[in-house]
Each structure stands twice: as C-alpha cells, then as structure tokens.
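Here come two complexes built around subunit A, the first alongside subunit B, the second alongside subunit C.
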Partner chain A sequence: MSIVLRVNTTTKEIIREELKEEYRFLGGRSLIARVLTDEVDPTCDPLGAENKLILCTTLLAGTTLPMAHRLSAGGKSPLTGGIKEANSGGTAASLLARHGIKMIILEGLPQTNDWYILHIQKDGSSQLVDATDYVGLNNYDLAAKIQERFGKNVGIISIGLAGERGYRNSTLQLIDASTGYPSRAAARGGLGAVMGAKKIKAVVIERAANPYEFPYADKERYEAVRKKYIQRVLSSPRTESMQKVGTMSMIDFTSTVAALPVRNFSGQFFEQAEAIKSKAFVERAFIGGGRNKEGCQPGCIVRCSNRFHTKDGEYLTSGLEYETVALCGANCGIADFDVIARLDRMCDDLGVDTIETGATIAVCMEAGKISFGDGEGAIALLQEMIDGTEFGRLLGQGTEAVGKALGVKRIPTVKGQALPAYDPRSIKGLGVTYATSAMGADHTAGMTLGPGIDPSKKDFQVERSRQSQMVAAVTDSFTCSFGWGELNNEEILPEIMASLYGGEWTYGQIMNIGKETLKLERAFNQAAGLTEVDDCLPAFFYNEISAIDTVFDISAEEMQELFNY
Partner chain B sequence: MIKVNYYELEWEDGKTVEDLLQLIKEDRQLRLLTHDTYTVIVNNKLIPPQDYAHTPLRSGDEVRVYPVMAGG
Partner chain C sequence: MSIVLRVNTTTKEIIREELKEEYRFLGGRSLIARVLTDEVDPTCDPLGAENKLILCTTLLAGTTLPMAHRLSAGGKSPLTGGIKEANSGGTAASLLARHGIKMIILEGLPQTNDWYILHIQKDGSSQLVDATDYVGLNNYDLAAKIQERFGKNVGIISIGLAGERGYRNSTLQLIDASTGYPSRAAARGGLGAVMGAKKIKAVVIERAANPYEFPYADKERYEAVRKKYIQRVLSSPRTESMQKVGTMSMIDFTSTVAALPVRNFSGQFFEQAEAIKSKAFVERAFIGGGRNKEGCQPGCIVRCSNRFHTKDGEYLTSGLEYETVALCGANCGIADFDVIARLDRMCDDLGVDTIETGATIAVCMEAGKISFGDGEGAIALLQEMIDGTEFGRLLGQGTEAVGKALGVKRIPTVKGQALPAYDPRSIKGLGVTYATSAMGADHTAGMTLGPGIDPSKKDFQVERSRQSQMVAAVTDSFTCSFGWGELNNEEILPEIMASLYGGEWTYGQIMNIGKETLKLERAFNQAAGLTEVDDCLPAFFYNEISAIDTVFDISAEEMQELFNY
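After this line comes the complex of A and B, so read on.
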C-alpha cells in the first residue's frame, strides 16, 4: 500500500509517488496529521491555494480484515480554522486499496472556472476529466450520472452544491456499499468546501483490473489472528444490538439521562422520546421495504446500517444514524421519523453535515425564525440552503455564524463546530473531549463512557478524556469504530501489526501513534492561532442546570491538564 | 419502586444490582438501554462489578446504568 497520487489543480499535473518510508506505519487520521504538518502552512486560507485536501486509507487497508476500509479526509478546516480529519465508510477506500493507493493529495488552486473529475481507471492510470456537465448537480443526481458514464460499481467521493458554493458545513459524500447511493459522509469541518475550492467535483475510482496484494509479513499468523478477531466481533452482544437497531439504539439510553440534546441543548428530557426510540425506529424502518443489517463498506460484518423508505415504498435515505435523529430530531423538538429521514436525505444530497445542520436549525428556532417542533419549517430552511438564497447561504456557514448573525446567546459550538448528540452536563468526560479536541466538538474524538467513573461527576473526567482521545486517534488510523472494540486489546492488535508489517509490536507502541497524532494536531492548531480560549465549552453549559440537576463544572484551567500527555 | 435512569420501575425489595442487570438483559423494552458493559451508580455511589451480586436495591433507590458507547 504505497502509492500516492499528487494532483496539482493549478497545473493539472498528476504525479504518482511512493509513500515516504517515515509514513509507513501511519494511516487515516495519523497520516493526515503528519502530512498536514509537513506540507501545509497552518496560517493558510482553508479555501486558498496553500491548503491541501488529503484523502487516504487506514493502516489495515488492502488486507482482508473486515471494517478496515474507512476513508479519511483531511485538511485545514474552513469551519474551525484548525486541523481536520473526517472519515467515512462507503466503497471508495476499498477500491483505492485494490489499486494500492494509500493517499491522494489535492493541492493548488485553479486559475480558471473549469471543473474536473479525478478519474482513476481500472489499469491504475489517472486523469482529470472535464466536469462541465456535472457542475450544479447535487450528490444523488451526480452519482447517477457518473455511474451511467463510468459504470455502476465505481467508487465516488463527491460534493454537492454546498461544496461548490463553499459552505463551511459541507461534506464529502461516498457511495454506500449496500444501497449504491451517495449516503455516506466524511461530514465534519467543511472539507467539501476545500474540494470545491479546488474545483474537483468528484473522485471516481474504477475497480482495479489487477488487484493489489497486501505484502503480509506472515500470512499464516495473520489468518489466525483474523479468525480470532472475527469470532469475537460476531459473538459480541454489541454486534447483535448494532445489527438489530444500529446506532439508533443509543437513544434509548441517552434519552433517559438527559444526554440526548433537546431543543437547542436545553438540558431537558424529551417528552416525545418514545416516538424516536429504537422500538419506534425499528417499527417505522421496516415500513415500505426498508431494512436493517446493512453494511456501509464492502465485507463489513457488524452491518449496523439501514435503508429507510417512504411509506409508499420509495427509497429515501440510508444510514439513518443516532446523531442525525438526535440533532435534526430531538434537538429541534421534532419526533417524526419521516421528517427526520427527509432532512437526512436533503443533507446528503446537498452535501452538508447533519450534525451541524441540525444544530443550526435549532439555533434558528431559538432565535424565533421558526418554532421548535416545526418539521416543515426545518425542511424549508434546508431548502433555502439548497436554493442558495441569501439566508440559505448564511445557514451554510454553520451554527456559530448563524447564531451570531441572529443574536442568539446559547450557541452550542466549540472551535466553531457544533456539538454532537451528547449533552456535556450528563456525560462530562465528553464535554472535556468536545472542549479540548483539536477537531472541535466531536464525539468520535474520545468517547468517555466506561467502567469505573460516574459520568455526571467531574472526578477523573480529564484523565479519562485524555486516554480516550489517544485511543480514538488510533481507531481513526486503523478501522471503523464499530469494529474497534474487539480489536483494541493487547492480544489482537499487536499480533495484527506484527503479522502485517513484521517485527514484534507492543500495545503501548501502537497507542503511541495516537499520542503523537494528538501532539501534531495541537501544534498545528496553535500555529494556526488557536489558543486556550478555544478549549472551552459555551458558558451556558456552566450556568444552566439540566434536568438531572447538573451543570458542566470542569474549569478551563482543569481541562488544560489534559495536554500533559 | 426504584428509579433506573430516572424511570420508575416496580421492584421487590432485596433484589440486587445483578438481578437488575439480568432484568435489563431479558426485558425487550429495557435490553437495548445498554450494551454489554456497565457502570452502575446507586444513590450517587459507584458500585464495583464484584459487588453487583451483594448490593441489594430497596424502594426509593435511584440507579443509573451506563453502557460503553462509540460513534454514531
């Protein structure tokens, strides 16, 4: 796995390079942190020529290990002004790995208004193809047109109108392995706008004619540990729950401890929670031909995804996830799956982050633009983003920009990025992660629930978040987080590394990849101008008491202890 | 009656934390509340796993049960 494609969008030159030796034991998030550190000026304009968009695969890509093919995207974020890595399932990483491609770097800035598709052909050659006919399309029509021209089974990484227009909440959309639709998103931080600035409408990857063979250091040893890993995943009760309900099962828990965000992070319980809990979800999801147990990437054995149809039986969206239902649902006072699924489809089509969008709509509700619970009003706001009205373009700049423009005092963001679906007064360790992660508020940057600590108390949360953030940086360098639980132990993980790359590995060595990644990311942000002031939660979480009688009470000074790695 | 994650639940005094976790596992309504790993807090006191079987729950007790979570 050693090919790097460097695409200069100014000169249109594509250079095929060998992966640097010092990058060999990096992948996904850790690789992005290192390349951005080495190649991008942290003070640059995120939508300018100096920023780069990096697309890369994980350390396990190219192997037969299930869940290994996440695609990581990275660059300086137009939303946070800091470093960003966002990852996604879908088919792209698997197809890149079959070409032996570890990384694509899009750099420079075009001097004309011409748009291109980066086309990787089945023989491994690549070219920039005129994309004039594709400009102005949103992701679903775009994917259909690309599939018609290049073949049904191509991988696609694309932007909709949001990326074209430079919306700071814009995504990169990828093709879902089960449905064939562009419903998977590298969603956070506005990386769609970075690709849009470089006038690349899509990356299209054909299936390699001569598939790359991973050079296993010890194939027999690898097969033994792979078998053990798969057995553990398949026998895990978590896998059973993920297959039956998917991430939506989280709502059954978060709604009971006031962690589910309700009406712009009011800290209250959601009176209509029963209508969006997993029982209601499963009942609704099967109407019209929808189904569960879908894998978003080829070869997945957790299969936590789903497809959601209209009641008339038409496909509407896939991968309706907890975060989307929480932010576009409860956080907007909406408890109707049909409305939430429609919002999800519109977000994927336009190419905007459902977390950021849900939080933005809720801030509009708080400002009185529409009422909490007004589903049709929420759809109308998203339609404004699609139509590109003046207010719609403001909505595309994200929750913080909208909140400030509307004079809202309670804006739930950190480093300009909206909080995901866990209220930090109920799960305080996650509040520490939101505040201190270089990514901005991001639940995947360090989940803190686990044995031994009361999540509603401040004790030990900084230490737990530090440890979780290190582990999360490793997870995002290796695999999907839903396959990580059974991989993340001293028996399996070092054995996998040894069988793939040779030598003997310790668990501590592997965790060190995470620690070094966090250090690089923080240094990038500091050089970009972010300071301790940016490592805080909004004031209202400190002074508004939630329904479980808590406030967030870990001071900014206490959270700075997190950086003593 | 005890409270589990702020929800009221009929309860027979003297049954233990372990009995509660078993109930959660078997009850269709409750079972998806948590996955396989728990943090259990009774009346604001953290209960270590080795004490689940001999920590009785009595009427009026407030219990919080947390799963391990990832992503979404």
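After this line comes the complex of A and C, so read on.
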C-alpha cells in the first residue's frame, strides 16, 4: 500500500511514486489533510490548476479486515471554499488496494477540451484513455458503457453531467458491490466539479492480476484480533439493526424529538412521519424485489445497505439512506418513498449530493417556487438540474447560492454547505459539529448522540463535539464508520495497528492522528480565508423555537472553546 | 450640525440626540466608520435587525463652502459583507444641514409589512408617515409623487423596487439640484436593500424654516480662506475640463491605454472607442436640449454634471458619467450613447448601481446569455430586473452571484463588488486600491493616477495607493471630491478647519482622520470575517495579457504592505 499515482492533467504525464515515509500511518481523511497542506495553496481557485483532487484509501484498506476499504476524495471544496474530504464505500478502494495503490493525485488543468478516463489495468500500469465517447453521460449510462468495454467488475470513480458542468454540489460516484450500479457517492463539497475541471470523466480500476499482499508485521497476532473484532461486530445489536433497517433506523428517534428536518428546517414535527418511519420503510423496501443486508464494499459483514425497486419490480436505487429520506423527503414535506427513491436515483445518476440537493429544493419551496410536499415539482427541479436549464444550473450551485438568488432568509448552511438531517435545536452537539467542523455542516464529522448527555440541552455539547470530531477524523482515516463502534476501543484498535505495522500502539497515539488532522484542516481553512465568523449556525436556529421548545443556544464564543483540543 | 435622529423601525420611535463630542471632527465616511464600529456587530446579517443604515453629511456641510454638501450612507454591506460607505451629491445633505442635522440612524427591523417615509418637516420635527401609497414605485415616479405631496423642493433619499426587493446591488437615490430628478446615487454596496429591509421607502426633507447657522470660530478668517479656495477652483484647468466634459473627460485617456474595460474586462482595446470618446459625447450631449455645467448640489461651482435628452428633446437622465459609459457601454461592447443613457435612466429609476449592473450584464454576455454589443438585449435584462422575473432578481444580486450561477470563470469583483472602469493591468495602483480597500473594488477609494509614476508599471503603486486611500478617506469625510484638488493642500485645508472650529490644525492632523478611518474600516471587516484572501484581484488579471502587453503583477504579499500605514 505504498504506490502513489500522480496524474498531470496538463501534460498527461502519469508518475508512479513511493508513498512518503511520513505518510505511512495516514490514510483517508488524515492523509488528505496532510497532502493538501503540503501541496495545495489554500487560496487557490478550487476549479483551477492549482487545486488537486486526491483519491486515497483508508489506512486499513488492503488488509483482510472487513469494512476496511473506504475511498476518500479530497481537495479544496468549490462549495465551502475550505478543505474537503468526502468518503464512500463501493468497490474502488478494495480494487486500488489490490494494486497496492494508496493514493491517486490529479493535478493541473488541461489546455484543451479533451476528456480522459484514467485507466488502471490488470498489470497495474495506468494510462489516460480518450473519453470522447463518454462525455455527456450521466453515471448510470456511463457505468454501463464502461463496464461493457472494460469488464463487468471494474471499479469506477466517475462524474455525471453535474461534475462536467462544474456544479458546486457535484459528487464522485462509485460502484456498489452488491448491485454493480454507481450508487455510492463521495458526495459532499462538490469534488465532482474538481475532477470535472481536470476533464477526467472517470477512474477505471481493473482487478489486479497479481494482488498486492499486505505486509502484516505479525500475522498471527493480527488474525487473533481480527477474529475478536469480527465476533464483536456480528454479535452487536447495532449490526442487527443496521442489517434489518440500515441507516433509516435513525428516523424513529429523530422524528420523535423534532430533530428530523421538516419543511426547510422549520423545527416542527412532521405530521406524515409515520409514512416514512422505519416500519413503513422496511415494508416498502421489500416490495418489488427490494432487499436489505446488502454490503456496498466486498467482504462487508455489517451490510447496512439496501436495494430499492419500483413497485413493478424494477431496480431503482441502492442504499436509500436516512439522510436522503430526511432531506429529499421530510425537509421538502414529502412522505412518499417512491418519490424520494426516484429523487435519490436522479441525484446519483446526475452526480449530486442528496443532502445538498434536498436542502436546495426545500429552499426553493420556501421561496414559493413550488409548494412543500410537491413531489412531482421536486422531480421537475431535479430534471432541470439534469437538463442544465439556467435555473437547473443555479440549483447545482448549492443551497446557499440558490437561497441568496431567490432572496430566501432561512438558508440552512454552514460554510456554504447544507445541514444534514439533524436539527441542531434538538441535537445541540451536532449543531456544534456543524458550526465548527472544517468540513462545513457535516454529521459524519462528529456525531454527538450517545449516553450521558441530553442532546436538547447545551451542557457538555462542546466537549462532546470536540471528542467526537477527533474520533471521526480517525474513523475516516481508518475504515468505514459502520464497523467502527466495535473497533474503537483500547483493546482492539491498538492491537490491530501493532499487528499490522509492528511496534506497540496506544489508543491515545491513534486518537492523536485525529487531533493532528483537525488542526491541519483548520489551519488550511484559516489560510483559505475562513474565520470564526464562518464557525456559526444560521441565525434562525437561534431565533425560531422548535416543536420541543428549544432554540440553539450555544454562542459563537462558547463554540470557539471547541478548538482547545 | 450636531443633531442626530435615531429612528427605531421596530418601535417607530424617533429619538433626537446631540452628536457625541468625540464625533465632532468627523463627517461622512469617517463618521460612518466610527458609528458602525461603536454600534454595529460586524458579524450581523446586513439585512437583519442588528445592522443600521447611517445617513450623514460631510464635515464641511452646513458652511457656505461650495461643494461641501455631500451625503454619505453607511452600514454593513449586503454585497460585500463588509463595511460600506457610499456617498452622493444632490440636495439632501444641504437640506439636512439647514436643519442642523448631522446624522440619521435607521435601526431595528419592522415586525409588520408596513412601509414608512421618514418626514423631516419645516420646523425640524420628524415623523414616520405611512408609505402604503408609495410602495412598488420606482424612483422617478416616487419622487414625482413625493414632490406632489410634500412640495417641489424637498430633499429625497429613496429606494426603488431594487431596494424593496433586497437586491444586493441596490442604491439610495437623491434629487439632483439642477434637474429635480432622482438621478444622483449613493450607489455602491447595496445600501438600498438595507433601507428596504427596514421598510423605509424614503427620507423626505423639507426646507428648514429657520436655517441653522454654522458657528464659525472665526468668520473673517473663514471668509478669507473661502475666497482663496473659490478663486483656485474657478481658475483651475481641472474645473474647466469638468465643466466642458465632466467625468467623461477620462475616457480619452483610458481608451488609449486599454484601461477602459471592454467586453467583461477582456483587457483589449475597444474598436468602437471613437464613438464614445469625449468629442462624441459632447456632440451627442447637446442634442435634444441636453446641457453641461450642471451642479448636482446647491451652490456648486465645479458643475461637472450634465443632463442628457433623447434626440427628440425629452429628458432622459442626468449626470451621464464616465463609469456608466464604461461599464454599461464599452464593457458590454456597446458604443451607442442613446442605449447607454437609457440603461443609466433605468438603473436610477429601479435604484441599482450602474457600475455593478454594467459588470453584471457583461458577465451575462460572457456566459452567452446575450451577445457582447447587444444593446437591446442589455435593456431587456435590465427590464427583467425591473419586472422582478426570477432571472432579474438574480441579476439584482450582483456580478459575483450572477457569474457563479452562470458558471462564468472571469468574474471581475473584489469582495463581491464589481470593478469600476479602470483595468488594473493598465493602471496598477488602482488594482491595489481595488484589492485592498475595505470597500471592495472602488475607484473613489484611492485614485492613483498622477505625476511621477507610470501607471502600467508595478513600482511604487502600493505606496501610491496607500497614500491615495488615506486622502480619499479624508475627502469622503469632508466634501465632494471634485473640488478637493484645490482644497487638499497645507495652505487651504488646515486654515479652513481652524476658521471653522477654532484652534490650529496641521495638514497631518487632518490626514490622520483618514488613516484612523482606514484602520477602523479594516478592523470592522476583519471582525466580519474578511481576511487577506479577500484582498486579491481575480486571477485572470494576473494571467491574461492586456492589449498593452501587461498583466497585473503585484502579488498578494506585496499588496499586504499597504496596511503598514
């Protein structure tokens, strides 16, 4: 796991390098923070030649540990103007690891209008392949055409029209291991537009003929801890719930405490919540041949994903997740899974983030462009994004741009990125995470729900968010977050590191990787021109009382305490 | 000149205060910097309750000095997100001074949808008058209706639909002394939207029955220096040129050195320049009854303004200025005064900045929305702004918002505000001013043309800009800039201050007011979240070579030297 491919999109040169020794214990988010710090001017234009798109695997990828193969994408975000790491499941990380490739860096900017595919062949060699025939395709057609030419089982990291057109809300899509469709996304922060600016339509990874073997420092010790870890995962009630329902299990809680965003973060309860709660979800999900217990990456044993079919039995989308149901559903006043799943499919196909898109549509509803609850209207807006009408292109610029253009006052964003599906008046620790994370509003950057703290009270939320953000930075450096609950303890995690890399590791040492990552990310943002003023929630969360009689009441000064790591 | 009217738009209470002693030697821009620093949270929402709209007169207003009555408007800018002072001629400052009113502060935010006019009566008392009948009017109809009710000679500070709708490119319009039309504007930075948010449609000032007398410290001494000043102004070649041609005299120079912006700051020469140079301007200006040598404020002896009629003899606009001809003309590839004057009239009527609007239209042309040179297309876009179509409302948000929404890469803005009519590759000192002024790109913030320095070379431009910015901050605190050339010297200026206020003044002391103002403004912006990253020109000025073979080559680091005051 030490190969770096450096692709100069100006000269078309591909250089194969050894991973620097000081990057050895980094992966995913921590590696991206370091490389961006070392190589990218924080003041650069995110869509210019100076920005880089980094694709790298998590630190534990390449081992036989389940859930270890996660792909991180990074660069300066066109959406937030700050540092960005977005990660995804799918098959790409595992396939890259089989080549021993840890990282791909896309650099420069083409002088011509020609598009390319970066093709990594069976033998590990790589080349830029003319992509003229692929330009203009959205992800589903694109993946089918790529699979037709390069084989059914290639890994793909691709952009749809959104990335081609520079939508600041564009994703990188990856192939889901269970379905073979491009339904997994490194979704947040518009990194699809960074790849699009470099005119790389896709990275295609063939399965390595001679797979790379991870150089376990102590294989026996590793096997023992791996076994222990697997047992814990399989016997965890968390895993059971993830297999039965998946991330959608969250909705029963959030809808009860007014944390589920409803009609552009109105703070109100959703009258139609029953229609989209987990019971209804599971019932609908099995109609037409839908399935749960799907793993998005090879070898996954949590298998929290699902495939969602039309009632007529046709595949529609895979991994219909809580965030999508919340933002494209309740937050738009929509309570119909068939509409929401269709929106999800359209987002994946075009290559836009479902969180940002749902928030954007809700802001259009707030502006009176269409009504809350108007599912067909929402689909029509997404169709405009696909068609690239003038208004559709504006929608692609994200919630803040649209809110400002339409003169909407309640714009639910931090650092220009839309809030995920937890109202910060109900779950205040997440409000702190949204406000202070270098990523912009991001629930994965520091989930604060957990024992001991009332999420609707302000007490201890800053401390909880600080701790969670540190852990999240480690999680996103190591593995998928859905096996992390059983990995993240003093017994398993240091033992895994020791058996993989040798030496002895303490839990604190590992957490330190997270802390250092947070510091680098914040320094990058400061150098990019972000300040304390960007570490705030929109005013309406402070002013408008929620259905559980709360406002967000942690002041900007109190939140600045978070940075005393 | 010591009365402050504090108008609470939430409670409708009007409080009459004495000007604080420490504000005594401040006026216009310097007073605004102090009051905003003292009273407004820099992180506030520019269109929210915490922002204030400050209207105040220059320091020399209320005296018998010609060109002394300038009105400054200030607040946190909805366009730049930073501090903003925009000033204007017209009759309002002189009429306020006759009441002894130095400053009006509009505070709070109404809870209802009712609009008001702030009415200052003959006897000096003031009240909020129901404005239901005036809402929805643009400035020309509005002024006519106000004049009909309150008398022909009232001063008016008003907003059109742009300010009502919260366009971030909206102005405050003032009545031109010569024509009686609302053709003067405190144009930059969207302060019209701040007044609109407070639901004040206009400030109407009747002529004071018992005019305030300025308490000259030494009237005899004052009369002597006043006489000397007037003689200098009248015998200055600058004044002659201003009377003959006005600000349009600039175009012969800028079009020759590729400083005139052409087709969205392409850096190229304008093939049709002859059609809009000063000779052509003067020829056209006199057709149909047009006139030069107009004074926009009572008692002006420079009289740089003009009135522009249609060829059929109908009044069209007044003060057709160089900036408007450059931005709405050459920068859009338009070389027809009849089209440009019509655009100017539409801008004044709607209440939007002609610089920002011209830059916005050019960005639409760059995006292919209409073609460069398409005058009727430009008028149609402005009509969309007036009609409030969805795209029109987007246009009202300014050049940067439109550029981003349309995916344009060459967006000529600094701190979100469009560049005025001097290409920074040709006049590099102005590039420094654009980049570093707290106001955003603003030529009045520090004009650097002058003897001794080649404007197309980088040498000494930072020093020149620093000096000019300091002087400009004084100018905008004291008087109109067009008499300033004869005022700004060690002989006249300290003598005026001493005779007005007593004591002895040095030139350095006066310049210090400018320096302190710049420091306050910068501190406000820093607290608002702006950083060094906001002190840059768009990259294309560094990368694209101009017709005189220059690029802007003063680095961000070099420009930061400017702040070593």
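Here, the second predicted complex is superposed on the first by the 565 of 565 C-alpha atoms of A that agree within 3 Å, B and C clash if a C-alpha of one lies under 4 Å from a C-alpha of the other, contacts with A are read in each partner's own complex, and residues count from 1 in each chain.
Everything below uses one rule, namely that a contact is a pair of C-beta atoms (placed from the backbone, for glycine too) under 8 Å apart; a residue touches a chain by one contact, two chains touch by 3 or more.
Note that this is a predicted model, so its numbers are computed, not measured.
K.L.:
Touching A:Lys404, do we find subunit B (first), subunit C (second), both, or neither?
P.N.:
After superposition on chain A, A:Lys404 lies in contact with subunit C alone.
K.L.:
Which partner chains sit in contact with A:Phe391 here, subunit B, subunit C, both or neither? Use first/second/both/neither.
P.N.:
second
K.L.:
For A:Gly48, select first, second, both or neither according to whether it touches subunit B, subunit C, the two together, or no partner.
P.N.:
Once the two structures are laid over each other on A, A:Gly48 reaches subunit C alone.
K.L.:
Hey, is it subunit B or subunit C that touches more of subunit A?
P.N.:
B
K.L.:
Have a look at where A:Gln268 lands relative to subunit B and subunit C in the superposition and call it first, second, both or neither.
P.N.:
neither
K.L.:
Determine where on subunit A the residues touched by subunit B overlap those touched by subunit C, and list them.
P.N.:
none
K.L.:
Name, in rising order, each residue of subunit B that touches subunit A in their complex.
P.N.:
4-7, 29, 32-39, 41, 44, 46, 49, 64, 66-72
K.L.:
Tell me, which parts of subunit A touch subunit B in their complex?
P.N.:
So the residues of subunit A in touch with subunit B come to 236-238, 241, 244-245, 247, 249-250, 252-253, 256-258, 269, 278-279, 321-323, 420-421, 443-444, 447, 449-456, 480-482, 484-485, 548.
K.L.:
What residues of subunit C sit close enough to touch subunit A in their complex?
P.N.:
Residue positions touching the partner: 43, 45, 47-48, 165-166, 390-391, 393-394, 397, 401, 404-407, 409, 526-534, 536, 539, 556.
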